[in-house]
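One structure coming up, written as structure tokens, with questions to follow.
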Amino acid sequence: MAVRANDSGKPAKPEKKRGRTWHALANPARFLRLARAVFPWAAGVAAVCIIAGVVLGLFVVPPDYQQGDAYRIIFVHVPAASLAMIIYAIMALSGAAALIWRHPLADLIGKASAPVGAAFTFINLLTGSLWGQPMWGTWWVWDARLTSMLILFFLYLGYIALHAAFDDPTKGARSSAILALVGAVNLPIIKFSVDWWNTLHQPATISKLDAPSIDSSMIAPLILMFVGFIAYYLLMLTLRIRSEIIARRIRNLRLAQAAR
Amino acid sequence: MNHESLARFEAEDLTCVRGGRRVFTGLSLSLGSGGALLLHGPNGTGKSSLLRILAGLLRPAGGRLLWNGTAVRDDPESHRARLHYVGHLDSLKPLMTPAETLTFFAATRAKPANAAAALAAFDLADLADLPGRYLSAGQKRRTALSRLIASPAPLWLLDEPTVTLDVESTAQLERLMAAHRAEGGMVIVATHTGIALEGAERLDLRAFQVGRRATPDSPGQVAATPDFEDETW
Amino acid sequence: MNHESLARFEAEDLTCVRGGRRVFTGLSLSLGSGGALLLHGPNGTGKSSLLRILAGLLRPAGGRLLWNGTAVRDDPESHRARLHYVGHLDSLKPLMTPAETLTFFAATRAKPANAAAALAAFDLADLADLPGRYLSAGQKRRTALSRLIASPAPLWLLDEPTVTLDVESTAQLERLMAAHRAEGGMVIVATHTGIALEGAERLDLRAFQVGRRATPDSPGQVAATPDFEDETW
Amino acid sequence: MVGPFLALIGRDLRLAFRGGIGSLVSVVFFVIASALFPLGVGPELTLLERIAPGVLWVCALLAAMLSLDRMFHDDHEDGSLEQIALGALPLELVALAKAIAHWLTTGLPLVLAAPVLAVLLNLSTEGFVVLIVSLLIGSPILSLIGSVGAALTVGLRRGGVLLSLLVLPLYVPVLIFGVGAVEAAIHGLGERSHLLILGGGLVGALVLAPFAAAAALRLALE
Amino acid sequence: MVGPFLALIGRDLRLAFRGGIGSLVSVVFFVIASALFPLGVGPELTLLERIAPGVLWVCALLAAMLSLDRMFHDDHEDGSLEQIALGALPLELVALAKAIAHWLTTGLPLVLAAPVLAVLLNLSTEGFVVLIVSLLIGSPILSLIGSVGAALTVGLRRGGVLLSLLVLPLYVPVLIFGVGAVEAAIHGLGERSHLLILGGGLVGALVLAPFAAAAALRLALE
């Protein structure tokens, strides 16, 4: 017989590939268990570090001799900028993994990270311009660093919009993975070109951004906030991946219903 | 015979996942020179998806294709060259004539076109130089089908080819399929309405479904529905 | 009976011009309550065009439509209110559910919708609240057809309604058409595959062609082909 | 008449909301295009201040224009448009409802985004309020004129770009008076007359555009 | 390989020519949008001269971008794309051929139209030649990057506007160096380094873009 069904039409369970570390997480149930274990730790570290950082930054560290209290915004501003860039790098890496190994977890990491990264970028832009008003007398200047940050924000928005535009989550994930990689190639170019463009026209503005050597008492809250933000990112990542897995199950139930 | 007389096209244990859902699994088939296969089954059982997998347009989630025993995955270019796929879309530009269309598609296959003969085979000779926008649904469909004749290939994959065809054109398609098989070609057709394909095997896609819905009178199937628990991301 | 029991729908001497070419001419038809008409003929003979003319979507180049003897042209609003047209397109948004779609279209007709009953009639009750993007081709088609039931209208104009329908749905459509006619409604259907419509008249569009092509064995028809001379601008 | 009219607007709004970020994209275009100008022109604040009203209005106009092609396109493609045309609502009111829905989903967000961009481009504070008012009066005109262009190009391949060509010349007066109002306010010359003319244009467009659009839709449905 | 590659470009050109005015529309957009700026910004010649390089480059960029969505859209919609994918040409070369055809039908006409607009915007004579050269090197980059965006959005509803969002941030470096070259020439600072960087960008895009676009097309065909 040329055409044959396997026994009684029941689906054969695909064999689980074991041994490779990557596949240790290849099973959503196992991932969810891991996520449940990570959750309290991430939440705890985030809460402790951020609260400690805020207390230190607002009340303990002495005011700046030049800027008064306004500079305290740096404790949000700088870690947010770092996270914005780190998260984009993670998205690009997981995008490469998604395209090469086609692993669903890599897909999910990208989708779950993007809004968090966009939020940190936005926080950086917001705190920066809030700070800029007292310092520079204007909310915004077309400075190199500011401009490349704004473009990073657009790259995030494009990623989110592209992902959301697909009905099929795996297609959305692969497409936005391609976009993340292209954007990652472009990101240093943007930074470089914008730097160059700016120095041609207005070399003066940048110097304001170059921090004077930071007082050692300011390092502690900065590091605390940075660690807190990282923990917060991990927390959001696991939470968002978990809810995405659940959302997909619901979606699949609906699809199964449609397919009868 | 035009086509390799000892060719054999096989699919082993195919699994198809679309939109994160398994459409079918464990599907195998095998077809020799002159063979024909009729795909049927209710809406949404994966006939079109299977044809796209066989054409190499869709990557199966599991399983593999073999041509004369060698894996198609290792040499997708040759596989593309030996098949014709006619899907739901007619690939006809409003601004291009049927003759130009056939010549162009033959050129993309790096083959010379026999456009005039192909159009004549579907009774389109008089419309050969009319821009596509003037053609009716059935005339467009016939133009798409005439690709089969314009540049020969042993394996024909046809997705509901008779939709919008009138009775005479359907009969002509049936004759052309018979002639193709007589020359050693293979034909795989998905259809709801039935089509004359002498000695064709029939493949009911229902046999390979995964998440069949529980119907009130067969509550036992409920258990089969969510196999997501441990595999859906 | 739900519908006017003495209604009569007539078309007199219709001419259809598309893309500057006369498709058919001198076509008349007449249909009373409970009547049915099957349009057939090869591809491109103007079945779809005729249905669009009857629906008032396409303006005929000549001739007129009458409802109970009064010209439709004088009161197009009432004509629209008394017909349902189901064409090739399913009018279903990927982001809207079948239930919402039916309610919306009933609202555009300023009529209350009976969405639940209509969907149940086509076995779509389970899918009523699923976004359209999850539906397969046949399910979309059934949603489009359920408009016929959601807000009643005496005249049904159906263009190849059974395309992509599976066997059971086709039978159900036939039952619904019969019930509609029993209530005094009228049905006009274009189809290639045939559909059960008891006592329906058949109208072969070939009879009204203008530019019939000269076939080798009927060279006398060549003269009929170019009637452009005095009418084409 | 009122029931079908509101049903149509309601459905379009619901579809836009369900579209997620997709439906915000014209605002995003507005933001990005406005941000491109400083990149092209250079970051000097005084220069930017000088060209800010013009750049903002031109970008708002382009953003409104770019989203026009989806006004009737989807409905035409999937057959909804012919069903709506077979409904009780005259095509004139269909076109008006569509233009209103378009404005609510693109024009209004543009107006809301404008203040942020005005900051980015260093618009002087005198011009701020007038910019928003002029956009509030002017952007519905863009949607109305746009509905005519969208209806004319609905069945066409490559309609999108052709649409720009049809619609841009008609947008010029709106642009001139819109920018005029802002500049007048900045230079303390009194913006009232410009805004009044814009208002007159809005009334005119409300009266005329639906008829033109309906005629075009009738052709598209043949 | 060469035969199918040329056949594909040839067909796209033929379709563009048959499209009549429709295929010239991106130039027309370029002209109209550039012409809107004097209207929006006011007619002072010195101001115009100052912003001319930026405005011309931004408008060229927007014009190139607007015609992107038709790069793969029609072929996807009517099934030609899957037939082409089943042909002998690897998808990478398909994407490259499409980008080349796009440039020939939109980028090149933009370059040809630029001198006229430069006069309109009072661009100083020093910038003239460099503007054209920078467009000549920069616009193919726009088509190539655009082919990635077009391939990513090909199967989507509302792809057109989403495409802008994806592609505009990627266009920023081209804009900066393009304008930079013209301004450097105007101020006598030596445009060579800008043009060399643009050239490097072109080579990079030629090498990388087809792979990204092909990956995206493969997804769209699934």
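Which chain is which? They are A, B, C, D and E, in the order written, and residues in each are numbered from 1.
The definition used in the following text is that a contact is a pair of C-beta atoms (placed from the backbone, for glycine too) under 8 Å apart; a residue touches a chain by one contact, two chains touch by 3 or more.
Treat the numbers as computed from the prediction; the structure is a model and nothing was measured.
Chemist: What chains touch chain A and also chain E?
Modeler: B, D
Chemist: Would you mind checking which pair of chains has the most C-beta pairs in contact?
Modeler: Greatest number of C-beta pairs in contact occurs for D-E.
Chemist: Measuring centre to centre, with centres taken as mean CA positions, what chain is farthest from chain C?
Modeler: A
Chemist: Please tell me the distance, in whole Å, between the geometric centres of chain B and chain D computed from their C-alpha atoms.
Modeler: Measuring from centre to centre gives 46 Å for this pair.
Chemist: Could you work out how far the Cα centre of chain A sits from that of chain D, in whole Å?
Modeler: That gives a centre separation of 34 Å.
Chemist: From the C-alpha centre of chain A to that of chain C, how far is it in Å?
Modeler: 54
Chemist: Just how far, in Å, is the C-alpha centre of chain D from the one of chain C?
Modeler: 37
Chemist: In chain D, which residues are in touch with two or more of the other chains?
Modeler: 19, 22, 25, 28, 32, 39, 42, 74, 157
Chemist: By residue number and range, which residues of chain C touch two or more other chains?
Modeler: Within chain C, the residues that touch at least two other chains are 88, 94, 136, 139.
Chemist: Give the residues of chain A that touch two or more other chains, as numbers and ranges in rising order.
Modeler: Touching at least two other chains: 154, 157, 161, 165, 167, 197, 255, 257-260.
Chemist: Run through the chains and report each pair that touches.
Modeler: Touching chain pairs, listed by label, come out as A-B, A-C, A-D, A-E, B-C, B-E, C-D, D-E.
Chemist: Touching chain C in the complex: which residues of chain D?
Modeler: So the residues of chain D in touch with chain C come to 1, 3-4, 7-8, 11, 14-15, 18-19, 74, 77-80, 82-90, 221-222.
Chemist: What does chain A use to touch chain E in their complex?
Modeler: On the chain A side, the touching residues are 99, 151, 154-155, 157-158, 161-162, 165-166, 171, 174-175, 178-179, 181-183, 185-186, 189-190, 193-194, 196-197, 200.
Chemist: Would you tell me which residues of chain E are touching chain D in their complex?
Modeler: Checking each residue of chain E against chain D gives 19, 21-23, 25-26, 28-29, 32-33, 36-37, 39-42, 47, 50-51, 53-55, 57-58, 61-62, 66-67, 69-70, 74, 157-158, 160-162, 164-165, 168-169, 172, 175-176, 179, 183.
Chemist: Can you list the chain E residues touching chain A in their complex?
Modeler: Interface residues on chain E, with respect to chain A: 145, 148, 152-153, 156-159, 162, 165-166, 168-170, 172-173, 176-177, 180, 183-184, 189, 197, 201, 208, 212, 215-216, 219, 222.
Chemist: Given the complex with chain E, which residues does chain B contribute to the contact?
Modeler: For chain B paired with chain E, touching residues are 52, 55-59, 77, 80-81, 83, 85, 87-93, 95-96, 104-105, 107-110, 144, 147.
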